[in-house]
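Listed below are the structures to be examined.
Shared between the two complexes below is subunit A, which has subunit B as its partner in the first and subunit C in the second.
On to the complex of A and B.
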């Protein structure tokens, strides 16, 4: 199944001291994303399939096996979506 | 949040910026510290550029306030740009001009929260303070519209002579409307230093009772009834007075940069310099940042030293930000009934002056 991810329009985000801080628009809870999570977030354009993002933003930059990276990215995307930080869809997400 | 603040402090990042878009207002609150005439506010283009600069400096929390924010016709253009730059935006308003369409736009733009000034649950008491007939009704209607959109709202209840007995009812109204509630029991001087409005402060005995009102924190003591004692020497040498100028900055509608909205010490102007340059290079900000509790005359050894909420801005308005703020000394006295070192000294000076006369 092809999945697409987009940054939620409700969040606030800033890189502070090299770490990406994101505040959920749903409940104002704060999240600190590590480097790989931040790479996923930044590449979440709603148009590129998740697998493509993993290839381009994760595997090309970090020393990780593709299958493992994709499984981790899917789990992370679901988790961030639960907190209202990412939108996950089976179709491209218009901006 | 604490970790984020600590990281910002360590890296010299202005984590929070308070930007007043205008000092114009549709209300004329009796205790207001502002001059409401327009002396040349920043243009839309200037404000959008400042928001870009502030975002680049690393600011996460942005408060848009005034005056009344809806007095600016370009308010939504400014708000949309702020959200595009991904600030966590808090609005401060009296909500009088919040129509359904405006509430919907605020919700769509993903504002973090809205703080609304409410002085009483009684329309006549609220309107007597705002000097705007019908303002209570319109504020409540505005808040209802915001809440209908699921927007987080908090009432700011400033207490003064005339509404000091109403805070319990305002809090009940807040609960009924699904809003938060904060209380500010002390009036601060005008930005130009005029202290005339301080006459509106509630009487010391009443203030003391308010500080000791356990219902304000659901049974838990709001403040320690006994002084916490002087801060340990090694702590005092490190303790910062507050976040003003360290991780917090204030920008006026005219582009002036101050350490905080309550600390009118001019540090630069974004019309002449980039915000980041002022933040990094201002000699005035460096001076503000150099102060530690141990440097404040009388405060480091004061019996309230470890628990005092001394505001350097109030101290500045009183004449010296390296000195005590007598208004905070009075607050500590109202909470505990124990006079601070500086309050005792002030009383001695008054007594000596009276004796000499």
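On to the complex of A and C.
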């Protein structure tokens, strides 16, 4: 199944001290993303399939097997979506 | 024919004046006492509220305060009060019992809403002015805010032992005194001073000051900023205000022994 991910418009985000911090506009919960999670979040354009993002933003930059990276990315995307900071869809997400 | 509003109280905190009108003489007396040192009769009002004083609700639920925007109006509610504010006209209505705690909470919220628009915030923190510079000490309840305020050296002005009022102005960040007191149970000094730095409080076996990485400083500040509204736009502004402050002001950790020697390392 092809999946697409997009950054939620209802969040505040900024990189500070090398760390990406994101605050949910829905419930004010605060997240700090590590380097790989930040790469995924920043590449979440709603148009590129998740597998393509993993290839381009994760596997090309970090020493990780593609299958493992894709499984981790899917789990992370679901987790971030639960907190309302990422949108996950089976179709491209219009911006 | 409309009723004559007999009392007109103007409470000015952080340079912002809130006018409260009420027909209740008892409530007017409560305001005078609660906000002593911060009342400025005749001052031009930034916000105006008509306060309707009602009997206390015996069944008032002990619920968390709720702040949300509905059809362009801010609505603010807790078991003991209900308020509506039109941000365009800066006028509103409050319905509450004659309680200092209700109006105290409401004023804090109005200030948080206004400050967020200009990059400022209210912070759970004590602040003290020495030699014309403010030091802000933030921490959760029990971290030592009131203790540090009580230990302030002679000649220092305690702006607050509970809620620090931080504004971003043309020359940088400024702390203002507030009437929002903690265990000291008295209003702070009604003065302002540029902020020298923010300290994250923790108690320990000896006094020391340590640098804090920016992400940890941001997390601490965001955790201690007074913030009530269920509103994504406001969340973004508060988030930006906190991170701007971290990028502009020194944020350090103060580990301290609760005696007067702590002021020697500051």
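Things worth noting here:
Everything below uses one rule, namely that the second predicted complex is superposed on the first by the 95 of 95 C-alpha atoms of A that agree within 3 Å, B and C clash if a C-alpha of one lies under 4 Å from a C-alpha of the other, contacts with A are read in each partner's own complex, and residues count from 1 in each chain.
Just so we're on the same page, a residue touches a chain if its C-beta (ideal position, glycine included) is under 8 Å from a C-beta of that chain, and two chains touch if they have at least 3 such contacts.
Remember, it's a predicted structure, so these values are computed and weren't measured experimentally.
Considered on the superposed subunit A, subunit B and subunit C are sterically incompatible, since they clash.
By the document's definition of touching, neither partner reaches A:59: not subunit B, not subunit C. In the superposition on chain A, A:43 makes contact with neither subunit B nor subunit C. When both complexes are overlaid on chain A, the residue A:12 reaches subunit B and subunit C alike.
In the superposition on chain A, A:23 contacts both subunit B and subunit C.
Across the superposed pair, subunit B and subunit C both touch subunit A at residues 10-12, 14, 16-17, 19, 21, 23, 25, 28, 30, 32.
Note for the complex: subunit C touches subunit A at residues 213-215, 218-219, 222-223, 227, 231-233, 235-236, 239-240, 243, 246-247.
Note for the complex: subunit A touches subunit B at residues 9-17, 19, 21, 23, 25, 28, 30, 32.
If you check the complex, the residues on subunit B that touch subunit A are 1, 3-4, 7-8, 10-11, 13, 15, 55, 58-60, 86-89, 110, 112-113, 152. Here subunit A touches subunit C in the complex through residues 10-12, 14, 16-19, 21, 23-26, 28, 30, 32, going by the rule given at the top.
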